[in-house]
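Below is one structure; the comments refer to it alone.
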Amino acid sequence: MTHARTIVSPAPVTGRPLAAGPQRRVRTRHVPRRIEAALLPALTTVLLCGVWEVLARTVLPPEVRPISSALAWLGQNSTNAELWTAIGHTLSHWAVALSLALVAGTVLGVATGANGLVNSLLSGVFEFVRPIPAVVYLPLMLLLLGATAEVAISLAALSAFWPILFQVFYGVKSIDPIARDTARVFGLSRAQQLRYVAAPSILPFLATGVRIASTIALLASIVMELLGGVSGLGAVLARDSYNGLYDAMYGILVIAGCLGVILNLVFARLERRLLRWHPGYRPVSA
Amino acid sequence: GGGDGGSAVNDDGTTTITMSFTNNANTAPLVLGMQKGIFRKHGIDLKQMPPSNAAGSSLVPLLLNGQVQASVTDVTAVPAAVSKNIGVHVIASVAADYESPDSSIFATMVRADSDIRSFKDLEGRTVGVNSLTGFWALEVKEAVTKAGGDPAKVQMLAVDLPNQVATLQQGRVDAVSTLQPFVAQLQQAGYRSLGDPAAIALGPHSVGSTIMAAKSFTAENPDTMRTFLRAWEEAVVYANAHPDEVRVVIEQSTRTSADVVRKLPLPWYVSGVSRSSVEKFMDLMVRYGDLDASLPIDQVVWSEAAEADLSTPPPGISLAS
Amino acid sequence: MRLAVPTILPVLAVLAWWVTSAGSASPYYPALSEILITFRNTWLFDGVRSDIFPSVGRMVAGFGLGVSGGIALGVVLGRIRVLGRALNPAVQFGRALPGATLVPISVIIFGIGDLGKILVIGFIAMFPVLLNTIDAVRSVDPQLEEVCRVFRLTRFQRLTSVLLPASAPQIFAGMRVSLQLSFIMMVVTEIFASINGIGHVTLEAKQMFDMPGMWAGMLLLGILGIASNGLVLLLQRRVLRWHTGQTESN
Amino acid sequence: MTKRYGAGDSAVEAIRDISLTVADGEFICIVGPSGAGKTTLLKCMCGLLKSTSGSIQLDGVEISGPPKRVACVFQDYGRSLMPWLTVERNVGLPLKNKVSSRAERDRRVRSALEQVGLDGFGRQYPWQLSGGMQQRVAIARALAYEPEILLLDEPFASVDAQTRADLEDLVLGVHATSGITMVLVTHDIDEAVYLADRVVVLSARPSTVIETLSVPLPRPRDQVTTKADRRFAELRTRVLTLIRRTGAVPVAVDSSLPERGTHDGAPMRSLQR
Amino acid sequence: MTKRYGAGDSAVEAIRDISLTVADGEFICIVGPSGAGKTTLLKCMCGLLKSTSGSIQLDGVEISGPPKRVACVFQDYGRSLMPWLTVERNVGLPLKNKVSSRAERDRRVRSALEQVGLDGFGRQYPWQLSGGMQQRVAIARALAYEPEILLLDEPFASVDAQTRADLEDLVLGVHATSGITMVLVTHDIDEAVYLADRVVVLSARPSTVIETLSVPLPRPRDQVTTKADRRFAELRTRVLTLIRRTGAVPVAVDSSLPERGTHDGAPMRSLQR
């Protein structure tokens, strides 16, 4: 016992005692942080766009248009009613498809996750259907249902259904057994167990699923419009690519990408609100 | 939806015909006809289904379930469908192939420095075509045969039209078989044409782009179909006579720049069906294994369809000698 | 008995299919017997070497690339929050690009060989795993993180002993979606610039109105889907043994 | 040092001005009411949390992260074990960097498990064990690590009286033979007096040191003689009255989740220096 | 009844042949070595686990699932609180079915939190609280539920001596005024004797009842007089020697994960009757 090892030394006078009562703090600190938070992604985005621009202007063939041409095309067409209508159609297909997928995926995900029998029963059929792309059976769908918005929506909903199904399935599997036991002992009804125990446990999984599914629904809507001749961005893309309008093609790709970014932003916001308690959103300690 | 194969009669007495076609130079008379009220004048309310990338095989179901009544298609899709007991037939043509002194509608292009001089030289090489099924591949194969080569030794690769130029430029393929406006773009960039495979394979003025309809629809609504064909004929005549208006329509409907459109050789629009041309296509399909046997022409072409007049080109078009 | 349950519905479906299609007049709905004959002729002998192997090879390579890339990138973006924030728009943008439109671009950039196809499959298959990994590594129990820090586990040990096992359930959820996307992209990449493959043959059959051929292709895809999913489940059962045990106790 | 959780209106001041020096090889026990800030103090000492103000030094050097020679047994033992590793591998995991020989590692793991009475359970998973057994796995992990400084947060809370006594003696033995510096948080005043060189009594939150008592009982100690010592009883009573005086139930604060902090994506709990 | 975990070679027999009758309004304490099977017994009693053989009856009716009038405080309190609910809502959650009036629910929640010394923490999340505070939230939840039978698994393991004494008295008070039947698992023998009408001493695993001791101490009890009672010291020593005799450290078994069970996708631990 020679020398001091661990020392916890007193605070310098700075340690302002914090009583239980409210203490006002100036809010200015938040403003720069907010700008900083937006600045970083913006900077990297600009950087990546720069890389694209340079690559497209140097090594890549002229058919791969630089971002500046695509943006210029977008600028010229920013007031083009046809384009906006197409975006509107695509977004409405996306919204309906995602909602359908969300409902069906959640219900079946909970059923298969919670009940082994249901899972074994359905898994064979599910696994058979999943790997077959819609491009292959499109003629059958068109024959049965026609090239209507409903077809685009139902195929997009089907594509978006799978990620939600699986995320929910694994979410159900991840419910803490002790939390589950607690709910049972305190006599929570099945509905309440679902609402207060299962749902919050599944939510982080579902949130990821919805973000994946949202993009898939968007893409599937565009592809179905492209192949099936349903109005929307895909139909515009079909015409422009047949006529070799490369700026337009890349412009539409940029629109699709930006829609993806925006929709993701919306979901991330929503998620942050719903998952405040979750370790992923808790404050970083130390 | 469009009902069950029947055409809808509207309040104003017109009949609605929904067509699926992509906006390009070939289909300009349809748009022009709508704009000028030619179809309406005949009591046809023509509607266009949004454009799609789908090949004929995906459009046929829409004819069968009555969602659309007519569809612009590669002519080879019809015999292929009919041979599988699918009830569609050709009711009209859209545009004929021709060669003008400075260009052709179709061309097989190679790089300027390429050692490929003729279709025969394509042996052992790779050719990009829009689709492996349909007239693109057939024409190249026949052109190779006619040049004394073995088409089995030519590797066909599906490369969609907008990307053919790049793949050719980068040497991913040795040749591409394409059409306007890509032909003009390539020629300006110094690429060399091996010739028009359509003309070589089928002789001058073949018709590869046609309109098809469901047999059930024509059987149940022959009057509507006749009226539609009359309207189409008038639209074609009008289009052939007014090249400037056609160029404006192309510019607007495809949103291509006016510069490109001005230089574009205009299609030769045709309304009737060239039965001989259809038969030649069927022969090619049989020869290259896309069809088991040639079909009777009445199973492939609507019997009431007029015969195409390919003897006199429209005034705006000058033919290569 | 347990093995029998998953086969009940498929067997019923096949029976129903057989019965309803037997006398079918519609060319789009050929008799199952006819489909099976086409299936045998197309896929069982020559087709294995000429089309199934190349296709499945590309798919497996793309899937493997996508999953490993997704996990690696996901760990990096999930743990290093600055990077995660900085690259978030790029990631979101990238995954919103329609796969079908990437195929021609990849042909232009990488050529018509297998490389471009594998890269496109991998690119598309990466995102479900990527997103799941990012979310999962961010939500590892803070208590476990403290254990790692106190016992001075190396970065690599934290990765292999804590981050990955803790994220495994969520990564598997992503992997199953990725597997499906790999299959779909396998077919889509064969639309263009392809000389062989399941998608190539099936889509050509579709173009030629060869409906039994198209159905046979779908049948093959479904069978391969079940088989590959089984493999993933097998892997999962090994990796997630602790998880099943823990959550299914009682 | 002081330690505050959160910022602004809703900050929680857990530790107010604690100053503590631990000598090499010393055995310190910390007692104090529930919610006082004992866990917080321990986490600061092992470098997991940064102090809001003041400093924590090891051998005169400011700590910025967990130092190599420190090990820890966490209060929430259940969540501090990896459910995907067997007991054996849980205990062996931190050794990978310290002991290169595999055989030596295995030996250490086996001996640590034996010491806590868990031989034969090495190949089970933590979730197949009872609460007390899990807690002992966490102790075994820290022992096998053979740190120079060992911080224990209520390590015997879930084991029965007999096992507890055994484990107390185990810890005493390890301390005697290896000279490890130990800091142990406990609620059991007997235990604190029995084990410690010094007992630090904390007040309720925001906690400060009420008193530090030296325990002059001779070592080696044992359950019977030491606890029978007159001074033992005296010290015990002393600590008890000290704790009583502080008021065990902490002062209530009216604080909710810091709404503001979460608003713009800023971390909800950020530490202020 | 008996209870075995798993099947075949790797089965773990946790409980061998325990027979226990709890009278209405009685207060039973269970003590026994770590890993004996106390938690298992409690889980069987509240219907979460099925017994392998034998039966568990409530008022003569076989239990098949958790009965409505039973509440439980789990040993792993940290994981039994929902991290997504605030303390208030954690406590209030089970009341939704029992109390329709919102005001009455709020009142009960507030009063339960007050009783365990947590008033003012209602709007925090469990992970913002110290270990002992979390445990008290779990106790408050069970109290607010006002069950007819309350099962507590080491409910005071993580709280300091003073709070512990307060909580003991709180439980005694609740038992006296409301006549709830209580079964409490503890490692603290003083606590067991102080609280119980009967103390059940379990052997190490596979556990059987070694002895059931009646505690004839008069009620109401209090920390000073009761613990000063001569009979208290006697009983205490009695229990202690009983536990010592059983050997606290359980017999080791060489068992690993049941390879066989997992092979064909079967749950790894299936229950045998």
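Here the chain labels run A, B, C, D and E in written order, and each chain numbers its own residues starting at 1.
Just so we're on the same page, contacts are C-beta pairs under 8 Å (C-beta built on N, C-alpha and C of every residue); 3 or more make two chains touch, one makes a residue touch a chain.
The model shown is predicted, which means the values in this text are computed figures rather than measured ones.
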{"item": "Pair sharing more residue contacts (C-beta pairs) when C-D is set against A-B", "value": "A-B"}
{"item": "Chain occupying the most central position, where position means C-alpha average", "value": "A"}
{"item": "Centroid distance [mean C-alpha coordinates] between chain C and chain B, Å", "value": "38"}
{"item": "Distance between chain centroids, defined by C-alpha means - chain A, chain C (Å)", "value": "19"}
{"item": "Interchain centroid distance [CA atoms averaged], chain A/chain E, Å", "value": "44"}
{"item": "Where chain C touches two or more other chains, by residue", "value": "2, 28, 105, 108, 141, 191, 206, 243-246, 248-250"}
{"item": "Multi-partner residues of chain E (each touching 2 or more other chains)", "value": "43, 48, 76, 79, 125, 257"}
{"item": "Shared-contact residues (touching 2 or more other chains) in chain A", "value": "37, 61, 63-64, 139-140, 143, 176, 181, 226, 249, 278, 282, 284-285"}
{"item": "In the complex, chain D residues that touch chain C", "value": "43, 46-48, 65-66, 68, 70-72, 74, 76, 79-80, 82-85, 93-94, 96-97, 125, 127-128, 141, 145"}
{"item": "Touching residues on chain D, where the partner in the complex is chain E", "value": "5, 12, 31-40, 75-76, 78-79, 86, 117-121, 123-125, 128-133, 136, 153-154, 157-164, 166, 187-189, 240, 243-244, 248-257"}
{"item": "Of chain A, residues touching chain C in the complex", "value": "37, 40-41, 43-45, 48, 60-61, 63-64, 117, 120-125, 127-133, 135-137, 139-140, 143, 162-163, 166-167, 169-171, 173-177, 181, 204-205, 207-209, 211-212, 215, 218-219, 222-223, 226, 237, 249, 253, 256-261, 264-265, 278-280, 282, 284-285"}
{"item": "Complex contact set, residues of chain B against chain C", "value": "55-57, 60-61, 80-81, 83-86, 126, 128, 131-134, 155, 157-160, 162-163, 166-167, 170, 172-173, 290"}
{"item": "Footprint of chain A on chain B - complex, ascending", "value": "1-2, 20, 22-24, 49-54, 57-62, 64-65, 67-68, 160-163, 165-166, 169-170, 181-182, 185, 254-256"}
